[in-house]
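In order of appearance the chains are A, B and C, and numbering begins at 1 in each one.
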Amino acid sequence: MNVSLTLEEILPLLPGVAVNGGTSVTEIKGISSLDTARAEDLSFLGNSKYKSQVPLTLASVVLLPEGYVGEPKENQLFIRMKEPSRGLAEICRLLEKRIYPAPAPGIHETAYVHPDARIADGVFIGAFSFVGSQATIGPNSEIGSHCHLGDHVRIGESCRIHPGVKILSRCLIGSRVILNAGVVIGSEGYGFEQVGESHEKVPHLGVVVVEEDVEIGANSCIDRARFDETRIGAGTKIDNLVQIGHNVKIGKGCLIVAQVGISGSVEFEDHVVVGGQAGFAGHLKIGKGAKIAGQAGITKDVEPGAFLKGNPALPFQLAQRISVLQRKLPELFNRFAEESGNK
Amino acid sequence: MNVSLTLEEILPLLPGVAVNGGTSVTEIKGISSLDTARAEDLSFLGNSKYKSQVPLTLASVVLLPEGYVGEPKENQLFIRMKEPSRGLAEICRLLEKRIYPAPAPGIHETAYVHPDARIADGVFIGAFSFVGSQATIGPNSEIGSHCHLGDHVRIGESCRIHPGVKILSRCLIGSRVILNAGVVIGSEGYGFEQVGESHEKVPHLGVVVVEEDVEIGANSCIDRARFDETRIGAGTKIDNLVQIGHNVKIGKGCLIVAQVGISGSVEFEDHVVVGGQAGFAGHLKIGKGAKIAGQAGITKDVEPGAFLKGNPALPFQLAQRISVLQRKLPELFNRFAEESGNK
Amino acid sequence: MNVSLTLEEILPLLPGVAVNGGTSVTEIKGISSLDTARAEDLSFLGNSKYKSQVPLTLASVVLLPEGYVGEPKENQLFIRMKEPSRGLAEICRLLEKRIYPAPAPGIHETAYVHPDARIADGVFIGAFSFVGSQATIGPNSEIGSHCHLGDHVRIGESCRIHPGVKILSRCLIGSRVILNAGVVIGSEGYGFEQVGESHEKVPHLGVVVVEEDVEIGANSCIDRARFDETRIGAGTKIDNLVQIGHNVKIGKGCLIVAQVGISGSVEFEDHVVVGGQAGFAGHLKIGKGAKIAGQAGITKDVEPGAFLKGNPALPFQLAQRISVLQRKLPELFNRFAEESGNK
């Protein structure tokens, strides 16, 4: 990453820090981890387990936690602060604006916006995007190219909707939501009535509601509800290629890693964390703060705070212990055969 | 969901029903499950396990099976019928037309249709969609925005192709097919010849054939065949984010839940049911009516009517029993250690 | 597949072959496997396990390995060659050009190309595609409809970018790369700092680099790096619906089958092979030539050349043996109960 950032730009972003040492480098050229940093780079100690790398790093500027004990090398600047990770995030946000500047507000000449859609100030609408009848876009939201916003769709303020997102009719998106490229919101739910040997479609009349500060990863899909709504709670972060079925309710502040599948009518309470590729059968309740390991298969309700692993899912410690014992099965069978033989 | 539906509109949809009780409510405002319904809502007993909720429901109108025993409350209407679920579906189809009206036939001003494509009567083509040379679209089909219909693609009648669907050259789609947003039909198959240390592409010259009454979920992908065709049988319903490899043949009336992966050249007979996230190795035959549990890993042919679970997949009952015994492994190891020690 | 191909066209593609027998058929109408071929078809023995089908095939022309022992039937032509699969591939490439001809170079009238983008000779840009500021497309590359090439994106020569591909700003694509429909390159990485109860976004400032001769399947996603780059090594082939997280490095010549998920900062050395639906936890190193079975869950570093299966992943042979013993658990528990009872 090639950047150009002076200490005069960086220090005002970090109020109340303690500066130690000094460097003749006035322009930072990159940001790197401690072990890969070169002179003219800025680095940081975000996780104390990398503490031993600090004296070895070649970085000209290092962000450190307040309690870090040690002195900068010659021509090196230490900046101590309460939370180096947050300081780094501030610097990165400044860089982000430079490297990926938000497009100037306006509607691209190739976009189509229905005459009765309501577009607030500061909105950008990219090339070949379609905005349907009665759709609403809040202030300062950014709609990438090739997006589809169906009739009656409502988008809050300061959203970032990446290229190729499809938001189908009547779905509702809160403020500061990020939808990555290819996301589908409001696809038809997977629900059928068996009629003789064939499966007759059950119409899905409901919508999807995505609350504020949600992020959804590339090519993830969220189905509309049968009658009322599928809902993603505020602050929940969903990774790429995740499937969320009709009528699912996800609580606030949940983390759902890539390729997870959540069947229809599942309910997550707040702060549930789910590892990649885990799957949930339909109509389950997952309690507050539960943790589900990657690839787990959940077929029963989960208590608040539980930590489950495997398919069928078991408490994490038990699952780990059984894994260890499974590896000993060959030995157990052998010994059992011996002992039986000896009698 | 806010709707407005009078009893005069509802009753003609339900021929031969028996009406019992009466309500002063003439306009239904919503459809809800028994436990969440409010006055002015319509509810239904679709599954007898919720029978005990009927006397408690606040719904003004309740659809019930013929054999239901019980009387309506004051100001409540019971409608008894052979199949309440189907009656409900009829009502929902009426509502669907109101809430999500089909667009009026016509080609959006921003769409591109090749001059030699053949577009039947009653077809709608949405914004920024591309229809290639020699493509054909049958009567009353609806093509959403941002769709790609490659050269020589053929679409039957009364299809619903949602926004952003990509149907690549020469693929064939039957009548009454629903393709959800982001579906890809006819991507290049994953097939290579190893040449020294590198992998040389095998051209995939075939097509995908999707028979009538198939539905495919958002962002699912179906690869074209190496020589002839990948085929999805009539009436099969495929959920979101499903992967179907080159040369796969899926029978009629199959159900394939989200995130299933089916490798090249697998053949499903009719009425196979596959749970979410299950995976199939290449070149397998899956017998008629087989059931595969979610997350199962299938690496061998499956007999007709079999019900398999796990990876490696086992008969469902055996897999369940082994799961129970695995949980007892710690106890078994302990007892074995004791007994060995005692001798 | 209906084709029309004369022997005069086929033979020059196959230098140094030995021809045996003869056929009155001068025009090949199709290519088929040995067992399904009809007269006027060309078939081939690509895998010696189908050897017994050669005397039975109805194909008029059969490609065979040099060592094949046997004589053609009447009115049948045998063509012996070193590698029949490669010969077949040559014939298929000729057919591919006929059935799926590359579009003539040029920019579709509906596409938008930024005035300062640089487009080389021989490039095709399809309908409704967007090419951003400072983007570069190398000679003879083909960009399908509805593609998004963000600002500063660079595409090498002779690439095939299928419809609906989204390549976000600053990402770099090498030469001869194939991206199937719906691929997303450069989505935002999934990385957050926990701040109290909420998760604050970590900006992802890096890019994705896709080296030459890579192929990526439909609707797969590759996230941009936090600071520097996510990288896919030359010649690697990735199937559909694969998730590759931020900062991942994939070596050269790897094979990654459909629906695999690779978490952030994982590193693959060269020639790693991964079966479908396998998953990798973050920050792992996977050694050269390692093989990972489908649906495996990898949570630790993997040695070069290892072959792992299951979750938790074990050496393939051990995993197979444990699978066999698990099936015997019911018997073991029974016998143990008996023996304990007998004492």
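Criterion: a contact is a pair of C-beta atoms (placed from the backbone, for glycine too) under 8 Å apart; a residue touches a chain by one contact, two chains touch by 3 or more.
Just so you know, these numbers come straight off a predicted model, no measurement behind them.
Enquirer: Specify the angle of rotation obtained when superposing chain B on chain C by their C-alpha atoms, rounded to a multiple of 5 degrees.
Expert: 120
Enquirer: Give a one-word verdict, same or different, on whether chain A and chain B use largely identical residue numbers at their interface, taking over half shared as same.
Expert: Comparing the two copies, chain A and chain B contact each other through largely different residue numbers, since under half are shared.
Enquirer: Roughly how far is chain A from chain B, centre to centre by C-alpha average, rounded to an integer in Å?
Expert: 27
Enquirer: For chain A, give me the residues that contact two or more of the other chains.
Expert: Answer for chain A, listing residues that touch two or more other chains: 128, 146, 164, 182, 219, 241, 259, 277, 295, 326, 332, 336.
Enquirer: If you look only at chain C, which of its residues touch chain B in the complex?
Expert: Those residues of chain C that touch chain B are 1, 3, 30-33, 85-86, 89, 92-93, 95-96, 99-100, 108-110, 126-128, 144-146, 162-164, 178, 180-182, 213, 215, 217-219, 235, 237, 239-241, 253, 255, 257-259, 271, 276-277, 294-295, 310, 323, 326-327, 329-330, 332-333, 336, 340, 343.
Enquirer: Report the residues of chain A in contact with chain B in the complex, numbered from low to high.
Expert: It comes out as residues 112, 128, 130, 146, 148, 150, 164, 166, 168-170, 182, 184, 187-188, 190, 192-193, 195, 197-203, 205-206, 219, 221, 223, 227-228, 241, 243, 245, 259, 261, 263, 277, 279, 281, 295, 297, 311-312, 314, 318, 321-322, 325-326, 328, 332, 335-336, 339.
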